[in-house]
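One structure, as structure tokens, below. Some questions next.
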Amino acid sequence: MKDELKPRIVKGPDGIEFEVDPLRDYYCEASPSVHPPVYVKIVEDFFNWARSESLWILGFGTGCGAIEMRPLMTPRFDAYRFGVQWRPTPRQANLLMISGYLSTKTLKRAIRSYEQMQSPKYVVGLGSCTINGGMYWDSYNTIKKLDEYLPVDLYIVGCMPRPEALLQGFEDLKQIIRAGKAEGANQYAEKFEWYKANQKKVIHDWDMPDYNW
Amino acid sequence: MVHIAMLTGFVLIAIGIYGALTNRNILRMIVAFTVANTGVNIVLVSVGYMMGRTAPILDAAVPVAEAANRIIDPVPQALVLTAIVIGLGVTALMLAYAYRLYDCRGSLDISRFRDLKW
Amino acid sequence: MDFEWIRIPHALLTLLIVFLYGLLLGAVIQKIGARAGRRHGIPFYQNYIDLIKNYALRTTITHGFMFYLGPVFRLTGGVGLLLFVPTIYGVAMHENFSFAGDLILALYFVFFGSLGMALGAGESGHPYAAIGVSRGLSQVTAAELPFAIAVFAVALQYQTLSVTDIVAAQQGSVFNWTVFTNPLAVTAAMMSFLGSMMRPPFDVVLAPQEIPIGPPTEYHSAYLALMQSNRAIFPIAKMVIYMNLFFGGAANWPVFFLKVFLLYLFAAFVGVVFPRFRVEQSVRWFLVWGVPVAVAGLFWV
Amino acid sequence: MQDLQTRLAQHTDLGEWTQQRADLAFVTVAREHLHGLLRHLRDHEGFTHLVLLTAVDWLEDGQFQLTYLMNNRAAARDIGVRVLIPREGADMDSIHDLWPTAATYQRELREMFGIDFPGSPRVDEEFILEGWRDMPPYRRDFDTLKYAQEEFAERPGRVSKDPETHMKQKLYPDGA
Amino acid sequence: MVSAIHILSTGLGAAFLLGLLPEAWRGRAHLVTLAALALMSAIALSWVLAFAFDGQQMVDVFTAGVSPPFAINLRLGMAEAALSLTVCLSGLLSALYLKTSLITQGRRAMAVLLIAVMAFCGIILTRDIFNLFVFVELSVVSVGGLVLLSDDNRALGAGFKYLIVSQVVSILMLLGVIFLYHAGGTLNIDTLTAANAAGIGTGGLAFFLLLMAVVAEAKPVPANGWALDIYQAAHPAFSALFSAAAGTAALFAVDKVLVMGGPTWPPVVAGIGLFSFVAANVLGLSQTHDRRLLGYSSIAQIGLVLGVVGLKDVVGEHYLFIAGGILVAHAVAKAGMFWLSGLVAERKLSAWAVLRKNPILLFAFATFVALLVGLPPFPGFYAKWELIHALMAQDRVVLVALILLGALLEATYLMRWFGYALKRGADLESVQFEVRKVAVVLTAALGGWGLGYVWGELSGHANLLHSMALLFALGFVVLDGLPAWVKNTVAIAGMSAFFYVSYPGYDPLQLIFASIILLGGAAIFVAGYHERGRRLGFYPSAMLMYAGLAMLIVADTTFQFFAAWEVLTVGSYFLILRGKESEPHALSYIVFSLGGAFALMAGFALASGGVSEFAIQGLSDVAAEAAPWVFVLLAVGFMTKTAAIGLHIWLPGAHAEAETDVSPMVSGILLKAGLFGLFTLLMTMGKTQMYGVELTHVLMWIGAISALLGNLMAVFQEDAKRLLAYSSIGQMGYALFGLAMMNHLGWLMALMFVINHYVYKSMLFLSVGGVAKRTGTKLMYRMGGLITLMPLSFVAVLIGIIAMSGVPPLSGFGGRWIFYNAIMTAEYKLPILIIFLSGPIAFLYLFRLIHTIFLGQLKDEHRRITEAPFWIVVPQMLFVAFLLGFAVVPGLALRHVDAYIAQFFVGGGLSWDGLTITSPFGYWSPVSIMIVTGAIFAVLLAWLVFLNHKAQKVKQFNIVFAAERPHRPETTHFAWNFYAPYRKAFGFLLKPYATWFWDGVAGAFHGVAETARRFYTGDGQVYAFHMLGFVLVVYLIAMGM
């Protein structure tokens, strides 16, 4: 536990001392809940269509795949055509791209960012590293199976996948969303204990609340 | 005569003041002031003096009726007497001071008493 | 003065038109920007979809009361600004609620939304939000100055503060427009216009790469949707003022669409060409270039 | 570089001198001479830039080799100074007083090899790893494969091949 | 009636009687002494009463039964009687005070004391120059004796120096006497005057010597080193006597002697006196020893009276009133101060903090300081007013400037000292003061008030002590022992009642100001209920300020105006001084305020041409050549109060360091006094030109620059209250600007600012004060995230900043709207640009205020704090309600004012038709704005609530942080140096030029004082030499003239 997270005794302006427990006082402790589709089918379909046509990616590169994402913004590939945009803050993003190998240290950040996104939200794993470890299969510090830790909607294979593959991946993801099958966020909430256990197994210094709102 | 007296008086005043301003010793200063006072008194008397007249004592020699013409102006005389008395008083006080100053510091040097300033 | 209730549906109609046009215009302008970068850019209907998506998100969080009110303030500012100014000259239907106040009301109402938004962003507790507000407010002090002087010049020129009267004074010929009768003031005002449009070179407030989009960092879902709605309405409301003051206003919707588009394009054009200023650079720019021009415009009157 | 060696040899007890290239040489010294030699190189020989500080685990010899690589920008030369220290309870004198950046290298070595540098700033803080609980991972007796298998979930069905044999088979299927 | 000679004979007789008493009867001897002094006082008093009420004529007492020149005569008139009374009373009180010392020293000391008092009276009464010499010498001898009463053995040296100088003086005097006699043939002053002895032969020089001798007794600078040493070393009770009685006697002697000399000499005496006044006050600045400082002050005051004596012809009929006023005020105050110093153990100025242990002594100290500085309602105030007017009537502008400068310097060190006494020395142990001594001091203080009443009666103006408002305020001095809440209730009720009673008499302008002062003041007092205990000193000060303000707005004459101005200045000074860290700021406040007040006085005097009772309306008819100067002086005076830029440096500290509920008073209300003054000035004088420069144009620039720099400086403050204080500078700049536009709407805007600024600044100061109370800091970056803990304070600040920034729909917008309409007809355009620039800058600091305090990250140590005290929140909520109401119906207050202003300008008014307010240029409908905005807001809020009602409430660290998490609240709260980039752009404007300038001025004065006082080397011979040199130099100058 980091010093700044340990409970501490502070003295108020009136001279009375009391305890501040950062994890309790500074972070919301609520657990995520399941938000099933609530509208009638046609409305939900319409929304799913809108969601699929408006993929806002969190600008977060975890590995070498981050390099492969940049060309998507350039004239040659221009992913904006397909309703794909990058947002600088997880609050406004719906799609988390795990772009390549994920060290345990980065995993912690990825989890935090994922949890800060608003549902429905999607996770796409890029490249073999996220699927089975890829060339980092024997690394002491890299996870080998992303869906153990986050609910992955789609994997795009390759080492690394080319931008064309990514574009195709977006189209596939859109299909999934439109079909109403991209319920990763709900899956995460449902199997929250399981995910947390997996996460905590590899992240030894868990220094944040269980769910990062 | 009058002028000589008056001149003497002024010379004494000058000597007295000069002495009081240049001597560092308190007793010498007091003496110098006494000299100056004497000078003042002489001046006083000389101012009241009128050539050829007598002292302003009304007795058989000078009848009251003639007094106005025969005696010199009595007022300065009276003033001098008063002034001498007062001068004596002040001198006595200064001497008393000198005594206590010496008691206090063991010195009569006026420049030793400068702790109050500015 | 008697209030006619029909004004309310009329005003809503204006609002709806402007809202829809604003979303479209935003996308078109973005597309034009993309074309300058040799991309296709987003589809012209993309903003509608984004808006629907944001309304359709299932979860939200809140940081507190003011956080909640921030977007409400923001959109109220945009809608109010639009409705306090007559949109279409000479059409009673689209004079909105301009009876409530004159040009000054509009000028000061601009700040209503910004202030509320800044408060909401502050409540989020995010340092980037505060940094963004700090930058925005710093910049606006200098950016507003040439505009304020230009408005003063125009008001002096026409001896009125009523927007309708100012537009009326510009009718008849293109050369009656303020832009021809007092080009200096209009030049200065257009400089301010750049500063208020949140586009390069004056977009250090949002600075996506640096302080992830500044004030709205924590906003999402419906909050963001409200702010997007405002992004559609507010710039147009502002351009309506510019149009009315400097470019003869609009007597019908096609002219309105055209003038607003051209004004928007102007900002986009400059934005595409120039890189970003730091705060003190833009402050200096407005003071060194904007203010003298505006003062010259003032003495032109 | 020969002249450099000569000059250095005058005041320092130099060990083995390896001339790697015309502008790159390595020299081994005893740990007690290291500090003086580095200072001399920095202050008098123009090797002002500490390029890197790294370690090699000579597991079989029971030694760590520390390599201090320095660059003389004006003369476009590099020199590497090697120091051999015992592997057991490895520690070494800090050189952050010569180059403040060395503290960062030393933190890394502390974390990855377990070599201590007493007095180096923040040397005991985590550097790259977070919450590492095992043996320092760069030590050669650390079995990274075993660790990865125990620690991280695996997707079943993965086949891993030894790259050397695999590529040999692939390129020369007939075994030539 | 008992003959006046018995004043002397009683003293002399008692002194001889004491000699007959047995040595051991010390207590009884003391009683005899007291009885004698009391009898002397009684005789003097009976004569004073006779002169005052029975129309008694001046009497001559012939000692030998024959008339002069054959005998000595004494003369007793009103002046002689009053001064003798002063001397005898100070002797009596000193004797009482000295009880212990006198009894220890025995009857001889008592006899000497009696002789001294007798001698001083003799100096006053006698009409014979030799007799004068005798009394002077008697006083020298007795003073020489009494100096020895001191415990400080340095007094010995001082006494001896005195004797040395006295010897020189007596030589001069005797020579003068005898040659005058020689020239005039008589010793009687009146006969000598009639014979013009000073004009005959050596008579001129003789007269000069005599004059110098008596002037020397008045201790003129620089021939006065001996006197300072005596003041420093002698027993304080003796110093009291020496300062009060000896000074008084010497001055009267000069007055008597001077008539003999003809017209040559009065200017010389005036020069000596005024030089002493200014020089001694400069030198006083660097004094750290209390009694020596009092000595300097004493010399200065006597110098001033000496100057007045020299100016007798100039001041004419008011001579006695003026000279007497200053003299008795000085005598009472200085004696009182010396007595006080006897109660203080240590000699450094800050040691006077011990007086805090006894409110009576503190009250006395305040009284004495006020007496010396010449604050109302004390004699010095009336006297100074008449003096300045009399001088102005003769166009003696330089003298006026010198006197005011000297007075300001004196006020500086006295007020600084008072500040020390009130604020220095944190933990004082309890001290027991001797009741007898306290009684003596209190007698003097009450005497001061009595004199204030007498002088008020004599002044020919309305007696200030008859003013209801002032009496009500002074009543709180008496009530001060009651609990705070009682006094608070009385204050609120009193102010409301006062308003109710006075309400019908006000015109609309006065009504606006009166509402703010009285009702607004009462509203702020509501916050006072949160204070527990007695809150000593708060209510008298606050009520004094309010009394001054209430008197100000109804003042008809310049005198009433000025008196009210001084009263409110003093009250607010005490009020500001109450703050924890406010001592230096209160000092700079009072110095600037008094400087401004003196400018006002000079301006009024110049305007009236020296007529002391002058209607304010008369300002509109000031002669053309004087008008611009009057305008400048008055404007500067008023702008000191509104803290226009350059004169503003007192404000931030004074407002920021004041107590929580004092800040709103001094900011929200007090500043309006300056605006009221400016209103008055511009209403009466209107546009005025100086050398072709339109002065209102200059004011416009000053207003604009104040607005800009005030706002700009507010942006960079870390201290919340300082931020608000600087913002006040900016806001007052706006109001000044509006006034200086000299058009209808400009004035209306200024009035709107008066109302608005009161409301939102009071509210903000209260909220911020409440927050500071809870958090224990005023530094904004140490707060943060308090919105949930202090929601009501937040709402107040929110409404406040919306109103202040001028954003619709709140009332601030009305001000901006009127402003825009006003500038449409303004004659000058350039200053408007500055105003344009400063407008948005307000957003910067306002946002910062609310953000760094209430939004952002809550700190560890503040997690448990609660809403501000109830009674501090109540007035805030009142203000919130008012702001909302005023936003909707501004017409309620403004339309009457609008109509009122219409009488000053042709056209340009507003039309208040229905709900819409219409100007010649535009229109504005507050109700519609409120409704439309409210409706849109409500609809959108409902929409968002519908969408987001299930939002998860998260805590403060649940923010996106580039995938990291915040470290601590302190590092996450972006607050310190909030506008760093802005500083890069505008920082160059923020250099404290004004502070540097005033520091330079203050430094220069202190430097001169520090250097010049080394002139007094402490050597008796040097002092004697000074005396001779002084006489010589004066002679040369006089001959040169």
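For this structure, a couple of remarks:
In this document, chain identifiers A, B, C, D and E correspond to the written order of the chains, with residue numbering beginning at 1 in each.
In this section, a contact is a pair of C-beta atoms (placed from the backbone, for glycine too) under 8 Å apart; a residue touches a chain by one contact, two chains touch by 3 or more.
Being a predicted model, the structure only gives us computed values, none of them experimental.
Listing every chain that touches chain B and chain E alike gives an empty result. Note on connectivity: the fewest chain-to-chain touch steps from chain A to chain B number 2. Any chain touching chain C that also touches chain D appears here: A. When chain centres are set by their Cα atoms, the one at the greatest distance from chain A is B.
Relative to chain E, the most remote chain by averaged C-alpha coordinates is D.
Taking each chain's centre as the average of its CA atoms, chain B and chain D sit 107 Å apart. Averaged C-alpha coordinates give centres for chain A and chain C that are 35 Å from one another. In terms of their C-alpha centroids, the spacing between chain C and chain E amounts to 53 Å.
Per-chain CA centroids place chain D at a distance of 78 Å from chain E.
Shown for chain E are the residues in touch with two or more other chains, namely 952-954, 956-958, 960. Touching two or more other chains at once is no residue of chain D. Multi-chain contact residues of chain C (touching two or more other chains) are listed as 59-61, 212, 217-218, 221.
Applying the touch criterion to all chain pairs gives A-C, A-D, A-E, B-E, C-E. In the complex of the two chains, the chain D residues touching chain A come out as 128-134, 137, 142, 144-145, 147-148, 151-155, 158, 160. Contact residues on chain E toward chain B in their complex (touch as defined above): 130, 133-134, 137-138, 140-141, 144-145, 148, 153-154, 156-161, 163-164, 166-168, 170-171, 174-175, 177-179, 181-182, 187, 225, 228-229, 232-233, 1013-1014, 1016-1021, 1024-1025, 1028. Per the touch definition, chain E reaches chain C in the complex via residues 785, 787-788, 791, 798, 801-802, 805-808, 813, 816-817, 820-821, 823-824, 829-830, 832-833, 836-837, 839-841, 843-844, 847-848, 850-851, 854-857, 914-916, 919, 921-925, 928-929, 932-933, 936-937, 940-941, 943-944, 947-948, 950-954, 956-962, 972-975, 978-982, 984-986.
Interface of chain A with chain C (complex): residues 35, 46-47, 50-51, 53-54, 56, 74-75, 78, 80-81, 83, 85, 87-89, 91-92, 94, 118-120, 185, 213.
The part of chain C that touches chain A in the complex is made up of residues 34, 37-43, 46, 49-50, 52-53, 56-61, 208-209, 212-213, 216-221, 224.
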